[in-house]
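Here come two complexes built around subunit A, the first alongside subunit B, the second alongside subunit C.
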Partner chain A sequence: MKVNVFIERERKDVEIELKDNSTVKDLLKILKINPVTVITTINDEVITEDYKLNDKDKIEIHSVVSGG
Partner chain B sequence: MRYSRQEIFSKIGKKGQEILLDSRIAIIGLGAIGSVCAELLTRAGIGNLIIVDRDLIELSNLQRQSLYDEDGVGKSKAIQAKEKLSKINSGINIKAFPNDLNFENINEIIGKVDLVLDCTDNLDTRFLINEYSLKKNIPWIYGGAIEDRGFVLLIKPGKFCFRCIFNEASNLDTCDTIGVLNTITHSIASIQVNEAIKYLLNEDYEGELIKFDIWNNELKKFKVKRKENCLVCKGNFEYLNGKKGANIIKFCSSGNYQIRNGNIDLNKIKSRLINIGKTDDLGYCLRFNNMFIFKDRTLIKAKSEEEAKSLYSKYIGN
Partner chain C sequence: MCKNCDLKPVYKTLNDKNLCKSCFIKYFEKKVLKIIRQYNLIEDKDEVFVGLSGGKDSMTCLYILDKYLKKMGRQIKALLINEGIEGYRNKTVEDAEKICKELKIHLKIVSLKKEFGKSIDDFYKNYKGRPCTPCGIFRRYLLNKYAREYGAAKLATGHNLDDEAQSIFMNQIKGNMALSAKLGPATGVLVHKKFIKRIKPLYFMTEKEVTVYAFLKRFPINYIECPYFHNTFRDNVGRMLNELEEKYPGTKQSIVKAFIEILPKLREQYQGEKIGTCKVCKEPAAKERCKACELLNRN
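Moving on, here comes the complex of A and B:
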């Protein structure tokens, strides 16, 4: 399956091919992104690492913001 | 007269203003976001404010921390803020704490308030506030900013908690390593205060994670759900019990502090620090200013534990 990913930090869209039943964790591993440093969303909802992705999903990856 | 512009605003009114004057808010952190929150809440007539910050004012703060000026450099943010805020509005009560908020003093400092505003610069303190909020059933508002973007989220105990979204993470980017615009910190503070006022007045506050990117003028909102296996929601309060948090030890003889890093990526830290100052790679560790950064710990020469923690948050990030 293929998913569309918007990486906010780089402001770029990428298409990633994944095996069926892949999770957010699998996707982040392919993108070499440490899961604890980002918030992942789909359809304007925050999702967890174990969320199972579907074909054509549109995912956004936002960096965790700690500064204040 | 002082609050006339809010009293004639239909969503607040005279009754609403009375509620605000009766309210009690704790602001944790008085940096770029916290100092603006404190000023807005003071001017809006929140009757009781508790303000907390462990840091001293630095020249590099003045670009965005509009409560302070050059005369305050080197002085306590909490004390300077109280002095300025009292001149802005002498009719409210302000308690200032120039302290590092930790599991031992959080109950004494925050006590019973209507709302906590998180304006800190690190996740550890947020995890502590989160657990305190759950234990005491006090809502709080997370606010954070970096570069040109930031987040705001009002967390009401019972729905979901901060740990349903945020995990423990070391060496995150910080404002000291990749910068921040004063326009985003002021914007995030404004959104945070707006949500605080709406919550206090029982108006429909925003229950979603708000993200604002000021460079691209993009505001987004994300729904948040409780994480099924969230241990903190189940009452496992490791930060509030002192089992977790900044692990800091003072080496009396040298004036050094040691802070445990977890397991950081030295190459990543090096690539960030090299842009902001002289960074020596000694092979087994990095030397940056008064800091020796190892994979598992950082040694920091500092005058106090507060200063050591502050330097750590700024340059290593937690």
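Moving on, here comes the complex of A and C:
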């Protein structure tokens, strides 16, 4: 399956291919993003790392680190 | 699913409990109020100011304290230091103004440029040291000075568990335990009549928890980072701690909890340390001149 990902910190959209039944945790691993440092949303709803993704899902990744 | 109500979870706690939006908000607010009560952060009749930056941490702190104190018929005020960081602070000032308007909280804004004759952007043009240090010094100086002038008994800040774990680690690396003695949910080692006690209601809340809370509450926040923050000492320590947290969940919490256990002993050692007065500006100072006057070459 394929999902669309918007990485807010980098202002970047990417399309990622995943195995069926992949979770947010699997996605973050592929993107080499530490789950501790981000929250993820779908349709503006916060989801956990255990959330099972579906084909064509649009995921947003927001950084929790706020220097300043 | 949520451990309490079978709804979609938004957060998984350290002990693997899933929480839905409503249960997470309850969990978060209950934990913050516990910190306030356990450490007696706010006493009756205390005039409380929140040091507001317009970021998620201080906005969350403002929102919860306002909710908590309004129930008791009391009001908080907010104090914002505008350091003059182009493309960053101007945006967070707008956010701070929005939330204060929404919650009907009186906001006072102090401009670093008006106070010192130059903004942080101006100052950094000729500065070669670590960028966060002067900004932190100026900000603390102005927060303390104006909180006092406006009549505050307590100054609440949005410092969270991640900030505290970083500070503990940074002080260990620098070998400066006197600095660590000043940490904790409430300050209070140094004695000076011009010092306003600072309190940290989000002391045991992780940065991730605060972000989830701020997001769920739809606070008007531009999630932007200070342009000077990247690759600083704090940034590097934060990255290292987050890597450890990923491998060993609970690392940051353990660091802060272990620190809290030794804090009374540490404070005993540095308790009552008297601090002088700056000969230039008459604010508290460890040396003849305070750090702000030293940085600004004021004599």
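To be clear about the criterion, the second predicted complex is superposed on the first by the 64 of 68 C-alpha atoms of A that agree within 3 Å, B and C clash if a C-alpha of one lies under 4 Å from a C-alpha of the other, contacts with A are read in each partner's own complex, and residues count from 1 in each chain.
Throughout what follows, a contact is a pair of C-beta atoms (placed from the backbone, for glycine too) under 8 Å apart; a residue touches a chain by one contact, two chains touch by 3 or more.
Because the structure is predicted, anything quoted here is derived from the model rather than measured.
In the superposed model, A:Thr41 lies in contact with both subunit B and subunit C.
When the shared chain is aligned, subunit B and subunit C each come close enough to touch A:Ser63. Of the residues of subunit A, those at positions 8, 34-37, 39, 41, 45-46, 48, 62-68 touch subunit B in one of the two structures and subunit C in the other. On the side of subunit C, the complex with subunit A involves touching residues 8-12, 18, 21, 53, 55-57, 85, 88, 207-208, 210-212, 215-216, 223, 225-226, 228-230, 232, 234-235, 238, 242-243, 245-246.
Partner subunit C is touched in their complex by these residues of subunit A: 8-9, 34-37, 39, 41, 45-50, 62-68. Remark: subunit B residues 29, 31-34, 118-123, 126, 143-146, 149-151, 165-169, 172-175, 180, 185, 209, 211, 213, 216, 220-225, 227, 317-318 touch subunit A in the complex. Those residues of subunit A that touch subunit B in the complex are listed here as 8, 11, 34-37, 39, 41, 44-46, 48, 62-68.
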